[in-house]
Structures are given as structure tokens and as C-alpha cells.
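Look for subunit A in each of the two complexes below; its partner is subunit B in the first and subunit C in the second.
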Partner chain A sequence: MIEVKNLSKSYGKKEALLDVDLALPQGEIVGLFGENGAGKTTLLKCVLGYLRHQGTVTLDGQPITRSNIQRLSFATCEHSFFPALSPAGHRDFYRMHFPRWREKRFQGLMDFFELPMDRAAGKLSTGQKNQLEVILALCQGADYILMDEPFAGNDVFNREDFYKVLLGILEPTETVLLSTHLLEEVEHFIGRAVLLRQGRIVGDVTTGALEDSGKTLMDYVKETYRYRSDRVRKALSELTGEEEDG
Partner chain B sequence: MNKHLSVLGLWARQTMGRVLALLAALAAAETALFAWALSRGLTRNIMDDQTCPAPVEDLFDFARISWAYRIAVVLLFVLLLLSGTELKGGRLGYTLRRLRISEEAAVLWQGGYNALCFLLLWAVQAALVLGFCLWYAGTTDPAYVSGQSAFLAFYRSGFLHGLLPLAEVSRWARAFAFFLALGLASAMFGYHQRHGRKGIAAFIILALALMSYGTAPGAAGLDWGMSFLFALISGWQLFVLWTAWKGGLADAEEGE
Partner chain C sequence: MRKRESSFSRWVARQVPPGLDWWTEAKWAISGLVVGAFWSLTAFCYQFYNARNRLYGWVNEKYVLVESRTIAPFPELLDKSMAVLLLGMVLTIPLACYHCAYYYLGSRSIYVMRRLPDRWEQWRRCLAVPVLLAAVFLLAIELLTFVYFLKFLLETPDPCLPSDPWRQLLYALGGGRA
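The block that comes next holds the complex of A and B.
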């Protein structure tokens, strides 16, 4: 289990995360939601140890260091692969560094998404780069797969395919923490939703609990964020009024 | 050991194609320049009314071969420098921090690989000028060329002497200290960039080397001084790397 306790992170005077507590048991698919700048990416990077922070992050009670970092993998829309290396080159290299590399899964996903095996990763289209990034993260044999907006730039059908494939291939011990804006798309794919706002966790609910209460994820988010549904209408009428006045 | 060699292989796969293309371009450009210089039939005045074919070092000067080499050093430097950075997009540092060897060890391998690339460039350049010397000897009146012509040229010309310093140990030391320092510093540049810092050592080394390149033979004091300076900068880089390695996984990156 990944446990985050009292995690705080600031960039200069700006507090990006404040006293975040979060537990991720093995085998869950968790959606991490929040507006731009809510701290989603920062939280993922702190968990991975990429950013200095206050508070603790442990994996099965141990701090995350070089000795256990391989139990975590990361797929990011920024792409963490080597641009000059082909997918086949990545496979050869990753096999050497990730002893639990999932060869069959890699081959299957590469075939499914029809990615060219021998073209340099940097020369793939944006959608293909995203696919490769996610495939590499899924095949490293990690117990915890952290994803940060991994499908930014992919079309809706492609994303849909990915969710279905993910659900089909993930083993019960694999955990996914997926940071995304695509609330409605992932609603039926995740088992739990964590909401961040201004660096704080403001909501944490299982989709089962939502179903029991008859709410959708979007309802829950709007409720938690105290979203004012009349906001747009008011703004539009004000704007229209201004124009009429002018 | 395989995991270390795989990282060396990673750096090689990142740039080897472009390094070989650069070497091929250098060979083609210098061959064309030397052929042009040779075709001009350059001469040197012996006495008021007599001339002889210009010695081979004059042809190298006329063809600007040393400038072609300098440009190739700079291009290779830029190529290797960029290969470890995230300036062209992508965050390869995230993966480098999760390998079975530390990122710092990966940087050392990259530094070694980069130094080998600079050595390769030097070897190709040395082979080219030796080939041009043979070409010159084969096309020049035998009355003016002897087996010693090339040997003497490598003592008379600062550029040629810098490439093959013959018995001058201090110049060899300076050349190899330069390759090692530039290799390591160019790898460190990417390391610093990935962690949101600036690494300027590589530029200092390159500027120092280019400014002092082609020094006349016999400047042992300068050679040893430069060697010491390059070694000092390399030592500092290694210390920075060692300190970071001891610091563990988290980096000093600030801002998103």
C-alpha cells in the first residue's frame, strides 16, 4: 500500500499541496481529479520522489527509494521515453532494467494499437506517443501505475479502447492512480475518485458508494466543489447586458 | 554489469547515427577543401626568382582544415549535449531515475561515451590529415617531398601538432584531459538541465580549448596548466555527482 501522510509542497510562496493524506491499497483503480493547478501532477511527482516535499510517502511502510521505486511506474503526457529509441529499443532496454517486464503484454498492446516497432519514438504522432508511454508504464511489472493525463491528444475512440483494454489486462494486484480531467469518460472505469482542490484533498469516494446514493461522479464533483450551475448563465446575461448597453 | 552496459548502449543508440553522419560530412568537406587547395598549385618563394611547391601545412592552412575540425568539435559537442537534455520535449529524466542503476551512474556512462565520441572525432581527423599528407606526397614533385615531409609538418604546424603531438607528452595529456573533461561536462549539462539547474562547465571547457587550440609546439607550461584546469573542472563535476548520488532519489527541481 502507498501511504501519503501530511504531504506538503510549495513552489516559492505558492502552496501546491497542503497536508495531503492518502492511502492507495493494492488492486484499486483510482481517479485523481481537480482543476488545473489543483496539485494533481505535483502529488504524483512527490509520490515518485521526483520533488522535494514535506511529509512522508511510504510503500508498504518503507520510504520510496531506489530499492523499491521499480514497484511504481509513471505514464505522463510529458512523455518519459527516449525520443531517439524505437519501441523495440525501449523493450530491449527496459527488459534489462525492469526485471518484471511483461513481454506478452507489451507485444499484445503494440499489436492492438498497431504501433510501428522500429520507428524512433520521437517521430511517432502525438497520439501514438501517448499510447507508447502508457504501454511502457503498463509493461514494467510495477504494482502501482501512476498516470498523469496520459491520453491528452488522443481521440475519444482511442481513449475508449484504452480503458477497455486496461480493464481487461490489469491483474488484481495492480493499482492505477489516474490523474485526468475526463471525469465522465473514466467514471465507469475507476473504482474510487479522489478530488483535489487548491492543494487539498476535498473528496474521496468509491464509485460503489456513489451508485448507492444515486449520484454520478459529475454530481459528486459539482457538489464537492460547490459548483454554481447558474454561473455561466449569469455571466452571459451580464455580458449580453453590457453589449446591449454599449 | 549488463545493466551498466545497457545504459552505455542507450546513449550510443541515441546519437551514434548522427555522430557517424557528422564524421562522414567532415571527411567529405575536408576532402573537397584539400582537393581544392591542391588544385591551386600553391607555391612558396625560395629565393627572389625561385619557387617550390608549398609545404603540406600551407595547404592545410589555405583549405581552412583546422576550422573545419573546430566546427566539427562544436557540432559534436552540441549533438552530445542535447542528447541528455529535455530541451526538445519529453522527460527522460523520470525514467533515468527509475533504472536499476542510479541516474548519476548513467551520467558517468554518458560522460564516458561522449569522451569516446570526441576521441573518435580526433582519430578520424588525424587519419584524414595523414591521408591528405600521403595524397600531397603522391601528387607533388618528388624533388620537394621526402619521407620526413609529413613528420616535419607535424612539428611546424600548431594545428597538426595539436592532433598528433609526437613526442610532446604535455600536449597528449592536454588533448586527452580535454576529451575527458568535455565528455563528462557535456553529460553533466543534461543532468543539470533535467534537474532545473544550469551546467556551464561544458561551455567553459569548450571555449578554453578552442581559444588555445593550435598553440605552437613547445608550450609545455601552457599544456600542463590547461590539463590541470580540465582535470580540476572534471573533479568538481564528479564531486557534484557524488554528492547528488549520496542525496538519494529526490531532486532539487522547483516549479512545474
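The block that comes next holds the complex of A and C.
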């Protein structure tokens, strides 16, 4: 289990995360939601140890160091592949360094998405780059797969396919923490939703609990964020000078 | 036909950041070595033969060796003969910087490097080739210095050799110049 306790991170005077507590047991697919600047990416990077922070992050009770960080993988919209290296080159590199590399899964996903094995990753299309990024994260052999907006730039069909494949291939011990804006798309693929707002966790709910209460994830998010449904109408009426109806 | 990778090229590829075009770097390094060695030889020969000519003089209308003269010290003859090789050695510093920056170019592959179980892998791939090249350039400098010294020793008339030539060699090998 990944446990985050009292995690705080600031950039200068701006607090990006404030006293975040979060537990991620093995085997969950968790959606991490929040508006731009809510701290989603910062949280993921702090968990991975890429950013200095206050508070603790542990993996099965141990701090995350070189000895256990291979149990975590990361797919990011910034991309973390080597641009000049082909997918085949990545396979060789990962196989050499990550003992739990999933060869069969890699081959299967490469075939499924019809990615060229010998073209440099940097020369793939945006969609293909995202696919390769996620494939590598899924095949590293990690127990915890952290994804930060991995499908930015992919079309809806592509994303849909990916969610289905993801659900189909994940083993019960594999955990996915997926940061995304695409609430409605992932609603049926996640088991739990964590909401961040201005660096704080403002909501943490299982989709089972949501179903029981008859709410959709979007309802829950709007409610938690105290979304004012009339703000668009008000803004438009102010901008156009027209009177509001009723 | 697909080019077959030799075990050597596979080995070198493991010493540089993944996907880096090490062959281009190798070509530049080899060119630097060849140009540096050629420049060095030309510069040393120019200095040496000039110095040796100064050992001769006109005596009774004959151009003869003046045994009372001593050839210029060996380190002085080296002058700037190693400049290009030294420049090549210095250029391994920006090369190392480029290797380190490679993980931030075009993507953030640094994220993968920081997840590797072997903490030294990233630094090894940044520094191995620059350090190796610096060592090769240094070795070339020392080797050429020794070869030039042998030339200095063998081609300088005995009476005109300095009293402590080997000490001058050690001084030159240590990087000392006149």
C-alpha cells in the first residue's frame, strides 16, 4: 500500500499541496480529479520522489527509495520515453533494468495499437507517443502505475479502447492512480475517485458508494466543488447585457 | 539489408544515454584525435628543427655544429603543439553536460532514469564516454610527448643536449611547458 501522510509542497509562496493524506491499497483503480493547478501532477511527482516535499510517502511501510521505486511506474503527458529510441530499444532497455518487465503484455499491446517497433519514439504521432508512454508504464512490472493525463491528444475512440484494454489486462495486485480531466469517460473504469482542490483533498469516494447513492461522478464532483450551475448564465447575461429570464 | 550490431556497438550504446547517436560523437572524437595529432606533429617538428638549426653556425665559412650551444629545453619545444588535443580534452566537459541534459530534451526521460534500481546508471551513462574520451586525449598527449622526447633525444647532437633531459621529460609529461 502507498501511504501519503501530511504531504505538503510549495513553489515559492504558492502552496501546491497542503497536508495531503492518502492511502492507495493494492488492486484499486483510482481516479485523481481536480481543476488545472489543483495539485494532481505535483502529488504524483511527490509520490515518485521527483519533487522535494514535506510529509511522508511510504510503500508498504518503507520510504520510497531506489530499492523499491521499481514497484512504481509513471506515464505522463510530458512523456518519459527516450525520443531517439525505438519501441524495440525501449523494450531492451526496460528488460535490462526492470526484472519484472512484462514481455508478453508489451508485445500484445504493441500489436493491438499497431505501433511500429523500429521507429524512433520522437517520430511517432502524438497519439502513438501517448500509447507508447502508457504501454511502457503498464509493462514495467510495477505494482503501482501512476498516470498523469496520459491520453491528452488522443481521440475518444483511442481512449475508449485503452480503458477497455486496461481493465482487461490488469492483474488483481496492480494499482492504477489515474489523473485526468475526463471524468465521464473514466467513471465506469475506476473504483474510487479522489478530488483535489487548491492542493487539498476535498473528496474521496468509491464508485460503489456513488452508485448506492444514485449519483454520478459528475454530480459528486459538482457537489464537492460547490459548482454554481447558474454562473454561465449570469456571465452571459452580464456580457451581452440581456436580462435574465425568470 | 539490416545492419547487424556488433557486440562492441551494443556495449558502447549501453555507456551513453539511451538512443543517443554515439557514432556521431565517436566520429568527432576520432577526427579531433587525428587533427590534434597532425597539428601536434607539425608544430613540434617546426619548433624542434628550428631549435636544432640554431645549434649550427658559420665558422670559417663552414656551417658546422657549435658544440658550446645547448638546444632549447624540451618543454619549450612542445610550445602549443598539444593545443588541439587539449581543446579536445576540454570539450569533453560540455559533452558530459549534453549527456546530462539529454534526459530533458524532447521528453522527460529523467523520470525513467530516476526509477531505475541502479542509482549509478544515470550518471554512468552521462559520464562514461566523456571521461573515457578525456582519458584517450590525455593518453594521446602523453604518448606523443614521449615520442617527441625520443625524437629530441635521438636527433639532437649529444654535446648540445641539456644536462637533465629526462627531468625535462617528466616536467613535460606533468603538463609543464616552458
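The rule is short, and it goes like this: the second predicted complex is superposed on the first by the 241 of 246 C-alpha atoms of A that agree within 3 Å, B and C clash if a C-alpha of one lies under 4 Å from a C-alpha of the other, contacts with A are read in each partner's own complex, and residues count from 1 in each chain.
Here is the rule we go by: a residue touches a chain if its C-beta (ideal position, glycine included) is under 8 Å from a C-beta of that chain, and two chains touch if they have at least 3 such contacts.
None of these values were measured; they are calculated from a predicted model.
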Clash or fit: subunit B against subunit C, after overlaying the two structures on subunit A? clash
Pick one for A:Gly191: touches subunit B only (first), subunit C only (second), both, or neither. neither
On the A-aligned overlay, A:Ile69 touches which partner chain: subunit B = first, subunit C = second, or both, or neither? both
Answer with first, second, both or neither: which of subunit B and subunit C does A:Thr41 touch in the superposed model? first
I'd like to know which partner A:Pro83 touches here: subunit B for first, subunit C for second, both or neither. both
Output check: A:Tyr11 vs subunit B and subunit C. Expected answer is one of first, second, both, neither. What do you get? first
With the two complexes superposed on chain A, say which partner A:Pro25 touches: subunit B (first), subunit C (second), both, or neither. neither
Thinking of the overlay built on chain A, is A:Gly208 touched by subunit B (first), by subunit C (second), by both, or by neither? neither
Touching partner for A:Arg52 - first (subunit B), second (subunit C), both, neither: first
Stretch of subunit B hitting subunit C after superposition, from 37-45, 55-63, 109-117 or 235-243, is 109-117
Which residues would you name on subunit A as touching subunit B in one complex and subunit C in the other? 48-50, 66, 69-70, 72-74, 76, 78-85, 89, 93, 97, 122
Residue ranges of subunit B in contact with subunit A within the complex: 2-3, 6, 9-10, 13-15, 83, 88-95, 97-102, 248-256
Across the complex, what residues on subunit C touch subunit A? 17-21, 105-112, 114-119, 121
Subunit A residues within the subunit B interface of the complex: 11-12, 16, 41-42, 48-53, 64-66, 69-70, 72-74, 76, 78-85, 89, 92-93, 96-97, 99, 122
Considering only the defined contacts, which subunit A positions touch subunit C in the complex? 48-50, 66-67, 69-70, 72-74, 76, 78-85, 89-90, 93, 97-98, 120-122, 136, 140
